[in-house]
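Next, two complexes with chain A in common: one pairs it with chain B, the other with chain C.
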Partner chain A sequence: MDAPLLKIENLRTYFYSQSKQAFIRSVDGVNLEIARGETLGVVGESGSGKSITALSTMGLISAGPGVISGTIAFQTNGVQKNLLQGLENYVKLTEQDGKVMHVSKNVVGWEKHSDRIMHKIRGKEIAMIFQNPKASMNPFTTVGKQITEAIRLHTKTKDPLEAEDRAAYWLKQVKIDSPRLRLTNYPYGLSGGMCQRAMIAMALACEPSLLIADEPTTGLDATIQSKIVDLLVELKGELGTTTMLISHDISVISRLSDSVAVMYGGTVVECGPARDILATAFESKHPYTTALLTSIPSEQNIKEKGYLQAIEGDVLDTINIPLGCRFYSRCNRVTDAIRKKCESHEPDLREISPGHRVRCWLYFE
Partner chain B sequence: MAKTILEVVDLKKHFTARKTLLSAFKEQERSIPAVDGVSFYLKENETVGLVGESGCGKTTIGRTILRLEKPTAGKILFDGKDVTAMPSEELRKLRSEMQMIFQDLDAALNPKMRIRDILREAIKVHHDITDEEIDGRIGELLEQVNLKRSKLSNFPHELSGGEKRRVGIARVLSVGARFIIADEPTSALDVSIQAQVVNLLRDLQKHLGLSYLFISHDLRVVELISHKVAVMYLGKVVEMGLAGRIATAPRHPYTHILWSSLVGKQSKEASSAVRNVQSGIWGVFDFERAYAGCRFAPRCPVYESKEYPRVCTDPASEPQLRDVGDGHQVACHFPL
Partner chain C sequence: MRLSAVKPIALVMTREIVITTLLLLGVSFVVFVILYFSPGDPFSVLLQGQMASEEARMGAREALGVSPSWYTQYVSWLVNMFQGNFGTSIRTGLPVLGELIRTGINTLYLTVGSLLVTLAIAIPIALYSSVRGETVFTWPLTMFAYVISALPVFWLGYIFIYFFMHKFNVFPVFSGTGAKFSWLYSLLPIFVLGIGNGTTSEVIRYLRDEMGRVMSEDYIRTARAKGASVWKHSFKEGLLIPVTEMIAAKIPFILGGAVIVEQVFNWPGMGRMAWQAAQDRDFPVIMGIAILAAVFVRMGSMFQRVVYVVVNPRASQE
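And then the complex of A and B:
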């Protein structure tokens, strides 16, 4: 079997909060793997670290107090490359009595180093579709200019006119009508759905080997949402681009993904084949996944006008992470036999069936 | 038979575009018919869901009912009293009975006030009671919305989305509202928190006998919580009826498309069939686009498959809501 295209190992992305004198542990030990041609869906509530994982992969964590550790191994031209190589040299922690007192970071050096690693990869090998299409386009230049710029920068097409042809081609691919005309439009002249299509065109125009789609349908109307999902399904069939799809909407994930990773409080609590994880009938999975699936109004629910199965409590606060299982305080499947363990030890992500791993004490002694 | 608490008759709200130097030269003022002749009624202890794409006028209806916007034409009857032309003094008294849960959590709560003061202020405006009584009332409210007492001294930014939503609901209840307009109360919340809020709203309805006008674009939640559903398109209600029927047996092509476009409902095999219904360019609607007759015709699959019948685009025959049995109303020349 081939080595996975992207392999994230023990990724930790922390932000130091000066006012709280503590680390916000947005991503805390994430392991993910994406094989070539596969679509990995990442689900989880807001604040579970989905987007930060993506941004870390893109090398876009540049904010002053951000600290990343772990390895992100990415295959490029047959060579495996760690995207985080040597970044830790630019951060210095001052500790006192085991507590971090101060974080000093050479921001300029960090960014330079990060750019050195990423400049051949970002946009060219890994492209990203951002959450808010309107905000991630430059409002002052036309859509066409923005796409041609990306094409000329990242592909062999250097001729402006040829690049424009490519841009029009890609706009057509994402089913924007009269693409030639749209090239001269400014982002504000496009509707939300069209803007998202243009974003997808821009990301795909450089023919990346990995596409990261961060909440591609959030904030769009139901009708437009299903259109965008249809488009992504179609493109997946045509191009077979390896995709990391981030969404909180399980229905979107279930239509597109081959495998799924469920995130909670900065870690992956469950990962495996989509059909196992997303099937309500499939019993052995993480209590959080079960709860997540049942909190969506189902047909059954609606028919009986019954109450929704809410998960009590609130999303985990990633500053004070509990000692034991992160989901313990909201979990409804804690049994007396494992209660002690849940409270004091965090379970590992262990395989319970081939390819299906769960981070829960329920499944092993 | 439950009493009718709210009746809206042929409500219209047209916004006129701001005058600029350029438009001053043009003869006609440009007006945008955000709400264009909407009628419905709401009974006590009942929930009416209002759905439609963004920009179809859902929120404007809510705001106009509360007279946060002045209606252009039409009548709003609350408890039999005409709100449309009520003087502001009387209106304020009535506002203690009709309230709105706003969509934007962060904009609705004053960032510089503690939660306690936010609730206290709301109670004080409408009720003349002492501070101790207010504190007692706040305690009751917290219990009703299931919020911890310790949160009272926090500022809004210290609360999570679900908690902020609860504060919004508590504030609405604090003045003693019986009729609540909930404007997208679950958007911007995570699914697990969304379920909590939906359950809370239903509990409150059961215990306090509230009536809701539930505005949302989340069709599943609307179907779950509402007794009746009104589907809006371009400022008009195109279909109205019992929630279950609207969802399972829609008669208007727009409603059909809306419900079948739920991402989850499209299993991988069924999606091609759905796509057939949705054929045609599914653009976004536009208030400024000229139309004649049926507003939905330019996007309508039925209009297309019937080879563009004239009646659909005849300006003289805009389809009106008519009964197709059991109180199910549709505005379409060719109901499905």
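And then the complex of A and C:
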């Protein structure tokens, strides 16, 4: 098997809060792998670091006090490239008594360096679609111009008219009626679902090797959501683009993903093949995944329990991350035998069956 | 320019022209009433030092063909104006319209020039601080903008004259005829008004905030994600529209500053003419200048509206 297309190792994206004199550890040691042609679903609640992981990969964290470390290895034309190479040179930390007192970041240098690395990758190798499609399209330019711009930037098609043909072709691919007419429309003339289709067309038009879909269905009506998912399923079958799909909606993840990574508090707590993780058998799973699955409003869950299961407690405070397991305070499966360990030591992400890794003391003895 | 924008532009222009006409009527009425009821009139200036009797005053009125009541005076002025006749100056006896055109062009030159100077200072600083955020240069640049905005324009004018004309002889002292570089003389008042009109810091602040706001919009993130130029995508909303808004909003201030600068630099513009006319109670001239100043202000806002409609496809739909 060849090396994975994207391999994120020990990614840490911190934001320094001057007022609290501490780092907000949005992403704290994430490991992810996406093989060519595969769709990886990243699931987790708000604030678990899913989107920040995606934005770090795209090099879009540059603004403000973001600090990134780790490696993001990406394959381009058979060459592996670390997208974070050398960025650490632009950040200086001042520490005192183990506490970070001040972070000075050469924002300009950082941005230039990041742009140098990402210049040939953004849009061309990795394309991204966002939530909130209407706000994500430039309201002052026609849909057509926005798509042809991407095509002319990243593909061999440089001629404006040819690029327009390509744009119309891609609009047709994403099931937009009368694509020629839509090209001349402005985003305000399109519905939310159509905007998202156009965004998908714009991302795919450059034929990227990796597509990052950051909550592509959030902010749309339920019926439109399911249509967008249908479209993504269909495109997956036709094009086989490697995709990193980020969502808090397990039903979206389950329809599209080959493998799944569950994120909690800035780290991956479980990852593996989709069938293992999303299966209804709950034995060999991280307690958080179990809780997530039981909280899906499905007929079966409601029949069994009579009410909708919620996960007790609050989202992890990413400034004061506890010493032990991140999920400990909300976990309902702590046994007396492992309680001490859960409290004081964070478990590793360990393989419990082929390809299936879990970060929980329940399974290691 | 988009072809589809032609119709909305025509609509906006018509609307603006209608509004302007109504506004000019209002302005002329208010100015006329204030003038009429303020102490002193042209006759007391004309007959100054003559211990004029009431009969002499009435005689002068009759000789000039001035109707007795203020509203008939206003109506006759209005009727004449619509026929393109702004009356004759009481002081010089010249037709007001010709004078207005001559001085108006000079003032327009001064105002537009100094607006460009203000923008040339403000735009780079605003863009720099909105994109780079807090750096070592942001503070000095902002401070610099505040300081020059706080400089009174009459003082700045004399300082410039002293240094650049008398001390270093950079600019010619007179705009007199024949001198080879006499047009250079006109640059000085433009710079003085551009720097000292007191709006620079406000313009910077507004442009910086708008650019900063647009830079954090989702669609700019999309542009970065697809590897496109952020400038290209942020230009319309982040720079073009705010700049035209500032131009429209600051024209009245700059016209106000022009009155002083024209005095200091002996610039044959509207401001100086207004100053002279106010002292002479030269009613027809004052009225003409009030109308022209209002036209200038409305031209600024018309410019802003048109650019907005051209740029914003949504506005042209409404």
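Quick note on the criterion: the second predicted complex is superposed on the first by the 359 of 365 C-alpha atoms of A that agree within 3 Å, B and C clash if a C-alpha of one lies under 4 Å from a C-alpha of the other, contacts with A are read in each partner's own complex, and residues count from 1 in each chain.
Methods note: a contact is a pair of C-beta atoms (placed from the backbone, for glycine too) under 8 Å apart; a residue touches a chain by one contact, two chains touch by 3 or more.
Note that the structure is predicted; figures quoted are calculated from it, not measured.
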| item | value |
| --- | --- |
| Touched partner set for A:60, first chain B, second chain C, both or neither | second |
| Touching partner for A:188 - first (chain B), second (chain C), both, neither | second |
| Contacts of A:46 with chain B and chain C, given as first, second, both or neither | first |
| Chain B versus chain C as contact partner of A:310, first or second or both or neither | first |
| First (chain B), second (chain C), both or neither touched by A:122 | second |
| First, second, both or neither for A:221, with chain B first and chain C second | first |
| Doubly contacted residues of chain A, that is, touched by chain B and again by chain C | none |
| Chain C residues within the chain A interface of the complex | 132-133, 135, 216-219, 221-228, 233, 236-237, 311-314 |
| List of chain A residues in touch with chain B within their complex | 45-46, 177, 191-193, 217, 221-227, 229-230, 233, 248-252, 254-255, 291-292, 295-297, 301-303, 305, 307-312, 314-315 |
| Interfacial residue positions of chain A with respect to chain C in the complex | 58, 60, 63-64, 107-108, 118-119, 122-124, 127-128, 130, 132, 135-142, 149-150, 153-154, 186, 188, 199, 202-203, 206 |
| In the complex, chain B residues that touch chain A | 53-54, 160-163, 190-196, 198-199, 202, 217-221, 223-224, 244, 247, 257-258, 261-264, 266, 268, 271, 275, 278, 281-284 |
